[in-house]
Amino acid sequence: MTTLSGFYHIDQIDHHEFHGYALSGSLYSGQSKLQTIQVVESPKFGKMLILDGKIQSAALDEHIYHEALVHPAMLLHPHPRRVLILGGGEGATLREVLRYRMVEEAVMVDLDDEIVSLSRKYLPEWSERAFEDPRATIVCTDAREFLDRPIGLFDVIIHDITDRVTGDFAEDYYRAIQQRLADRGMLAMQALELNLGDFAGHLGIRQEVERVFSWLRSYRAYVPSFRADWGFVLATTAEALDPVASGIVESRFGERLGPGAGLRFYGPAVHSALFTLSNELADLIGQKTA
Amino acid sequence: MTTLSGFYHIDQIDHHEFHGYALSGSLYSGQSKLQTIQVVESPKFGKMLILDGKIQSAALDEHIYHEALVHPAMLLHPHPRRVLILGGGEGATLREVLRYRMVEEAVMVDLDDEIVSLSRKYLPEWSERAFEDPRATIVCTDAREFLDRPIGLFDVIIHDITDRVTGDFAEDYYRAIQQRLADRGMLAMQALELNLGDFAGHLGIRQEVERVFSWLRSYRAYVPSFRADWGFVLATTAEALDPVASGIVESRFGERLGPGAGLRFYGPAVHSALFTLSNELADLIGQKTA
Amino acid sequence: MTTLSGFYHIDQIDHHEFHGYALSGSLYSGQSKLQTIQVVESPKFGKMLILDGKIQSAALDEHIYHEALVHPAMLLHPHPRRVLILGGGEGATLREVLRYRMVEEAVMVDLDDEIVSLSRKYLPEWSERAFEDPRATIVCTDAREFLDRPIGLFDVIIHDITDRVTGDFAEDYYRAIQQRLADRGMLAMQALELNLGDFAGHLGIRQEVERVFSWLRSYRAYVPSFRADWGFVLATTAEALDPVASGIVESRFGERLGPGAGLRFYGPAVHSALFTLSNELADLIGQKTA
Amino acid sequence: MTTLSGFYHIDQIDHHEFHGYALSGSLYSGQSKLQTIQVVESPKFGKMLILDGKIQSAALDEHIYHEALVHPAMLLHPHPRRVLILGGGEGATLREVLRYRMVEEAVMVDLDDEIVSLSRKYLPEWSERAFEDPRATIVCTDAREFLDRPIGLFDVIIHDITDRVTGDFAEDYYRAIQQRLADRGMLAMQALELNLGDFAGHLGIRQEVERVFSWLRSYRAYVPSFRADWGFVLATTAEALDPVASGIVESRFGERLGPGAGLRFYGPAVHSALFTLSNELADLIGQKTA
């Protein structure tokens, strides 16, 4: 009998679904002061970082997630020089931000310094050499607390934190972000599953962001190790923009990243596809279609 | 303790992954002469048809799969009048084909007559009234055997069969299809998972189709209940075409289906997104990017 | 690939273990006013009754559980004439009690009348014809409430209820039972898992029973569909007795049940084995070994 | 939501059942020339040795398995001086054998020398200091091949190998064992699950042993981490004996092992319980009841 016997990471998605991922090895397993941290090896998805039992990213496809999170905001902004990353301890979000030569300063704020040091040790492919880049500053503190410091304004703020900010705290949090954005500044966020099977959490994030930002747009990318079309939110208080029109992404992509940019997933055509939701899904999350 | 206890359909994807779907009820469970057939109720995905332990389609998102399978071929073809469906026993592929008034005849060939009768009884939402449409003919026989009958030529042939045709039989099968296509005829196929996590089966199908058809193109759609970006292949022996250029889909969509067409997923913008693969994935399956 | 795909009942034992049972069919699935009730078919264990996601009994081995629950008390009691069953809605506990001709009256009290009627319909092998026996009375009400009625005294009371009685209520409950026991009356209880892997719940029951009863003894039987050595507690306020000594069970077994009694699991030798705990396990639950 | 998410060893029992064991860590994972070897940590069962995906033994209850395997033969034999262990690489079977001062020589033959060295390193509680005992000899070779060497005769041979010997090879194998047994010699074997849920493999072993040995007896013990009443077979070509009668085990237990023997599970009363099968189960495996 070919058998199912073996080691698995089981990910309970919700009350109605669970997924089992076969594992071939464990590189690290420990408890930081904040969470359980595990680095494991999957025959299908490669190395995986798992926090509190939830898959954060996998070697096979972390670039899909991180490219989708970073590049739309970086290309839709007219001239991003200062970038703030909230979360993103693996360093891959930072890696994508630093691809832009026009970025002069990138500040990454992650609450858990162990994630950062473990990622440098076990997941060096995630950050490449981003942590050593002289333009990068790593701060280990609470994101909300950091926003109250005298940190100046940022052109792009990227929210790369697993947990959804909810309740009364959400409005205060998004307002603090908005106040740290320079003129024409943009917020890009990871925003949970976005597909017919589950969009409730994404919708909640949109509603919270909408109280503070005058313009927002949802987009999504399929991340194989999440087994989901994953959602993102782009928001600004500047004038509304059309993220797929006018060829602006295409021309900036060439100027800012060039042909040897090293991107594997994202490009101008993919950009348009990411922002194309079906009418049905757009209606369900209250997004007007063009 | 919130508990996992309960009923599940477990779908073993491959040696490295399995998914568990909570079930709230069972409507039908039986064995036809060909396969195990089950109709169950999932709190998350609604009614699901399961054949030999594999999810075929779910109420929540069968329209995503069926609209993606049918409409690209029907709109890229200059004038589809006769359509042949191989497989598709639930009747939803037929439903999508019959949305086109210009279709004069649609023949559906499914080996398992029990699938057809059970779908009419338990899954009437799948076929709506397609089985009663005077333009429809249902034949219960083997697809390959049917292709040898004196059936004339078809403008579009849709392959909606779960199992992949492999080995020596594949070339014979695709050649038989090709010989049943009228001038400028198109083949549309469901073609397994298509994403970084799994594209081996899709690649195999492409290679088999390529031996017979001079032009083919892969596209994909995220089907939540499959938990996958699912692949499709479009092929023709007519001249090469660019499936996303020139606004032809947009104009034909309005002419052929109209605003009250009842589509929930597919539309001209979604069409372009379906055909946009990342460069990386296109390379892996040997598809030249535009 | 031999595959795991298919339907399962998953039973989450605790935070550290779950079991999956393949299912071949579903006979009934519904919601009573008290609980979810399911009757399913397992290829390995036969028909199974599942309440709120927990397996109650299976055709393959329900007789092991029910014979172990009933016969020790019935044979250690000098002359059981009136028997009270708390719970036991399937009717199999009643079936075992009524094997004794000396029993003049058996009262079964189950809160959920749907369990009783569904068991009669779907699980007739459990009760055989016990519900029709003129000596049997079925009352659908709360066990604790019933104990306050003018019901007289019983020689044996059998507690066949899934949920453990806990907290302040436990002492009141066991005292009410004790007050309904006639002179030399015995209480027999199902008492959760009893083995090195899990004995915490059993120990809790023992401690609660011990506050009211001067003598108690734990015993256990392996029930395959529970995948556990399952525990039982026997208690009395009469003088202490040695449940395995003196051949009394052997002689009474012949006298009271006879060779054609129809028992499949229980007998005098098995009786002794049931009451034999390893010293280690006896120590862990605070039971003095002979 | 309290969640199931986390790491598990999944043990597929057969086509109809699987068990998931939560894991808290991995101590070793590798591939010997013969099998996959894993040493993991379970919150419920402690350290576990897993070979080719099957649980071999767990810290919580390996003593139940090993005491049950070794002591019945060692006490029913009139005077065991030379003992041969086939398999048993963890060293716990050897540990139990060496408890007897009357044992002058114990030879352990395990095919996989890595199991032995890994067990010494990661599972020292299994062997205690048995490997260092001057009476012990460890040979890493094939059991069948070893039996053809000029090794003399043994009083007790213990077969502690996971895989069942089947087919034509079985008769040859058991005959080779029988020819290595001294006068009144006994064979003790682990013999798969033995309970109503699964006894087919056990029955097969009995039938194979019966071709060579004139007397055999099945017994069983519940091993929590196996979630099963596990079977053993005792066989001899000497005159038939009654393994539970006559108080011989009780008197020899005191003489040979003494009060400070360190046994946690086995004792004279447990011995009798181990050999007590229900009539039903005895009939199913063709064992005459006393």
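Chains here go by letter, A, B, C and D, matching the order in which they are written, and residues are numbered from 1 within each.
Here is the rule we use: contacts are C-beta pairs under 8 Å (C-beta built on N, C-alpha and C of every residue); 3 or more make two chains touch, one makes a residue touch a chain.
Please read all numbers here as calculations on a predicted model, not as lab measurements.
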item	value
If a chain touches subunit A and subunit C alike, it appears here	B, D
Contact-richer chain pair [C-D vs B-C]	C-D
Centre-to-centre distance between subunit C and subunit B (centres being mean Cα positions), rounded to whole Å	53
Whole-Å separation of chain centres (CA-atom averages), subunit C against subunit D	33
Overlap residues in subunit B, where contacts from two or more other chains coincide	1-4, 12, 14-15, 18, 20
List of subunit C residues in touch with subunit D within their complex	2, 4, 12, 14-22, 42-45, 60-61, 64, 195-198, 222, 224-225, 227-229, 264-267, 269-270, 272-273, 276, 278-280, 290
Residues of subunit A touching subunit D in the complex	1, 3-12, 14-15, 18, 20, 23, 25-26, 29, 38, 40, 52-54
